[in-house]
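Paired with chain B in one complex and with chain C in the other, chain A is shared by the two complexes that follow.
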Partner chain A sequence: MQQLLTTSLTGLTLGMVYAAFALALVLIWRSTRIVNFAQAPMAMITTYVALVVVNAGMSYWIGFAAALVSGLVLGAVIERVVIRQVEGKPEINAIILTLGLFVVIHAVAAIIFGSSFRSFPAPFGLRGFEAGGVTIALTGFAVFSICSVAVVMLLLVALFQHTDIGLKMRASAFNQEVSRMLGVRVTRMLTLGWALAAVVGSLSGLLIAGGSLVYPSYMDSVVVYGFVAAVLGGLDSPGGAVVGGLLLGVSLSFVSGYVGSELVAVAALAILIVVLLVRPAGLFSHATARRV
Partner chain B sequence: MSRVAFGSVIGHLRRTPLRRNLIGGLIGLVVVVLVLESVGPFRQGQFATMAYLGIAVGGLTVLTGLNGQLSLGHGALMAVGAYTAALMLHDVDKPLPLPVVMLLSVLVTVVVGAVVGVAAARLHGPYIAGATLALAVAVPGIASFFGDNLGGEQGLSVSTPEAPGWFADAVYFLTAHDVTGTKYLAYVGWFGLIISFVLLANLSASRVGRTWRAVRDDEVAAELAGINVGRARVMAFVVSAACAGLAGGVMAMVVRIAAPSGFTLALSLSLLTAVVLGGLGSLFGALIGAALLTFLPQTITGLGQSLGLSDLQSAQLAPLVYGLTLVLVILLAPAGLVGTIRNAWRRRQSPDPAPIHPQQEAMQ
Partner chain C sequence: MLDIRDLTTSFGPVKALDGVTFTAPKGKITAVLGANGAGKTTLLRTVSGLIRPDRGSVHLDGQDLARMPAERMPGLGLAHVPEGRGVITELTVQENLRLGGLGRADRSRPADFERVYSIFPVLADRRNAIADVLSGGERQILVIGRALMAEPKVLLLDEPSLGLAPRTVAQIFELVRGLAESDGLTVVLVEQNARSALSIADIGVVLNLGRLVAHDEATALAADEKLRHAYLGF
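Moving on to the complex of A and B:
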């Protein structure tokens, strides 16, 4: 019973983090039709920025903010300088490009920060709450993870639904040509979209790292989980990404708790294959027409 | 007179792709023997590495360039081949003959590749990339999970097979050199490479290759022309997986171990680098890509050390160059090294070139 509870709670926490990462992928997919495989190392390197700030003696929160800001800048710069060149080109070019960025950022991080495992601080306790002599696996940091992802999601909803700039971003994602004619600076919106996505990605990087170890490839499996979560939700819907992330987090937590942690990635692969074969457009898809 | 006769003989021999490819293979064989006999054991080991990377890159370039499917999971497929070979060469007194081991590596990988290919055939673009990425991340975990049979994190050690007597005699007869273990493996690798490249070149020039290209360029048009799109894509994946299996089998013997740490995502991504650098779909480009993967790291690491970086930092310079290569090739020369040179050559040959559609150029 206790293991069931522990597994579910761990899964829920992880699920929220995967949801954030999936959300970052979905934001970019919606605006530019690119799956940003470089999201993982981008989040990794911003976490290293936070680590440097914290190790310099400043508080966790300054490091946290520094990571998010550097994510914002990194996302904007990458879109502006590199991704801009392949927008509208065959999709295979964009995929290879993001994989190239993946390798580059990895190597840069390993050169600057070293490849060794370094511990990353957590702002809240890592011990579970005690209730009636039983330790519940809901740590302070887990609560913080869930809350921060929820806050970010609400902020994104507010941005996209209730502000002028959000409307412009949605318009440019929906139809670039028409938006441009209506006076929307589409390229600027795309840059902003990448920047926002990178911030959300950075957040998930910080949450995965909190109280754990950081090394250049610590986010590599998360990009797979984030992708699976995004595909579960349909790759096109932010809400779907969140639900997909939670579902995946709980499922993988059960695999890890009851079967073996080595098989988590295999389980993610199996889920991905089943979803793609049964409902290729995601769990919440409607039938859509494809223009030939 | 003799020149005309010689020209007509060459022309006759070049008439069919099969003959042309066989002649190419024979010339390759001669070059391989000459090179392997004239370099030392260290270089022989490097050439063995280049051979297995070349086989895998060749398979991948056919899949990506001819059929338009991008696989990030070929490192995982190599792992399947390597573990198959390792299971047969691990702690056995009388191992099976090498061709049988290689063939079994290929067969097992073909079965796995068929399963993955059936799933991938229904996907396109980023979905295939994501699914095969998941494969690359997942497969090393399987080896760790079944630690009792597959050796866990330490992996399975592989005993290097001895060169059979007739082979040693033949090499001694031709070159008056003895066959050492490393040299034997290099020969095995390059025989595998030549055989698979001749088959791949033949396949891509045949009806099957044309079908694959048709599917790549326009699925709907291909279907209207009576091509079974799904079958073509699965076939392409299976052929490519067979190459990866052979490459994995050779790799297990060359590195003398099959361990999860040998088949990380980095391996799959470096294979992709070689494919992109050489130009999607070009077998010659695949060979150049494999050569760069083999010989570049050492040079760059040495360069880094001479620039005052630490050993660990220098070791990361090679991946940095791979990544930058991927980015720059896509941005500046989407047709790859060989493709760009070939296009420039064609442009010089014909003064009024037909405009190349950007999409086609990227996919060549």
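Moving on to the complex of A and C:
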């Protein structure tokens, strides 16, 4: 019973972080129809920014904010300078470009920050709570992870469903030409979409790093899990990304706890294969033709 | 009024529009007619900034719109309802209308949903429906209403009758006629269905292979049998 609870809670926490990463991928896919292979190193380099700030003596929260802000700027700059060149062109161009960015950002991070393993702080502590003599395997940091991702998601929902700019962003993602004809500056909305997605990605980078080690490839394993979560939920569905992330996190936690931690990566890829065989569009996609 | 002069647009070596010149008067419906490939849609897309012309000008209230980007048009008073309607099917009726209203020039007053809902009661009934469930006629009404939300001075309509039953077409044309008369809206109506278009238009313009071949009052064009047989198919 204790192990069941522990495994579930660990899975939930990890799942929320994968959900954040998957959400970043889905946001970019929906707005620009590009799979952002560079999402992991983008998150990694913004976490390094936080590390530099924290090591300079400032509080974790200033580092946290610095990472999110640098994510916002990085996402906007990458879209405006790099991705803009391939929007509307054959998809292979965007794939090559984001893979190239993956390599370049890795190299830049190693040059600037070095490739040694560095520890990253975790607020709210890494010890579980005690309740009535039973230790609950939910650390303060895990609660923070779950809550911060939940808050970000609620903010995004509020933005997209209830603000004018959210409506413009959704319209730009659904039908660029008609949106332009209605006066929406679609290119600005795309930049904003990338900036927001990068912020969400940065959050997942910070949460993965917390209490753990940071080095240039530390986010790369998350890439696999994040992609699987996004595909599981359906690349077109932000809600699906969240559910996909949680499902994946819990499943992998159970594999790790009851089967063996060596098999986690295998399990993730096995889930991916099953999803692609049985329901390739993902659990929550609306795979219908669009008529106008 | 919309003053088009010497408008020329090419796609590579092909001249889709060749020196088109006419004026669409204020408060009147100008029908743009011609066979497939005559350049009617290219004309509207060039006027609304989706395509850049090689040369020529498009004057509205003294401003030349010819090389401005499409995003600026609603703010300048020009609304374009495209071929195929352009309903954003993932949004609700109300969201489509709200999006149209975001483009209006005068942001000092709130967007006037009630006016559009009173002109088109069918939209009021379906305001929270996802636009995907609307019928063809309802979609056409939605996109006209969406264009009106921007409080335009000029309305470009590209083949609104496409795929609609004759009675629905007649209703929509009557609505457009009413708007032209009551609001002083300048309407440019592109249609393949030349007979219906000429029945509600004041002026008719005929294009053939990018060139303007006739420009006359609608009644005169409808009465000209040789012209009708040559270019309009009836």
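Quick notes on this structure:
Convention: the second predicted complex is superposed on the first by the 285 of 292 C-alpha atoms of A that agree within 3 Å, B and C clash if a C-alpha of one lies under 4 Å from a C-alpha of the other, contacts with A are read in each partner's own complex, and residues count from 1 in each chain.
Here is the rule we use: a contact is a pair of C-beta atoms (placed from the backbone, for glycine too) under 8 Å apart; a residue touches a chain by one contact, two chains touch by 3 or more.
As the structure is a prediction and not an experimental result, all values here were calculated from the model.
By the touch criterion defined above, A:V223 reaches chain B but does not reach chain C.
With both structures placed on the common chain, the touch criterion links A:L99 to chain B but leaves chain C unconnected. Applying the stated contact rule after C-alpha superposition, one finds that A:A110 touches chain B and leaves chain C untouched. Once the two complexes are laid over each other on the shared chain, residue contacts for A:Q85 go to chain B alone; chain C is not touched. In the superposition on chain A, contact is made by A:M181 with chain C only, not with chain B. Contact with neither chain B nor chain C is seen for A:V275 once the two complexes are overlaid on the shared chain.
Judged by the touch definition given at the top, the superposed model places A:K168 against chain C, while chain B stays out of reach.
Common to the chain B and chain C interfaces on chain A are residues 292.
Looking at the complex, you find that chain A touches chain C at residues 164, 167-168, 170-171, 174-175, 177-186, 290-292.
Chain contact summary for the complex, chain A toward chain B: residues 29, 34-35, 37, 82, 85-86, 89-93, 95-97, 99-108, 110-111, 114-115, 217, 220-221, 223-224, 227-228, 231, 260, 262-266, 268-269, 272-273, 276-277, 280, 292.
Looking at the complex, you find that chain C touches chain A at residues 48, 50, 69-75, 80, 82, 84-91, 95, 98-100, 102-103, 132, 139, 146, 150. By the touch criterion stated above, chain B contacts chain A in their complex at residues 64, 68, 70, 72, 119, 122-123, 125-127, 129-131, 133-135, 137-139, 141-142, 144-145, 220, 265-266, 269, 272-273, 276, 309, 312-313, 316-317, 319-320, 322-327, 330-331, 334, 358-359, 362-363.
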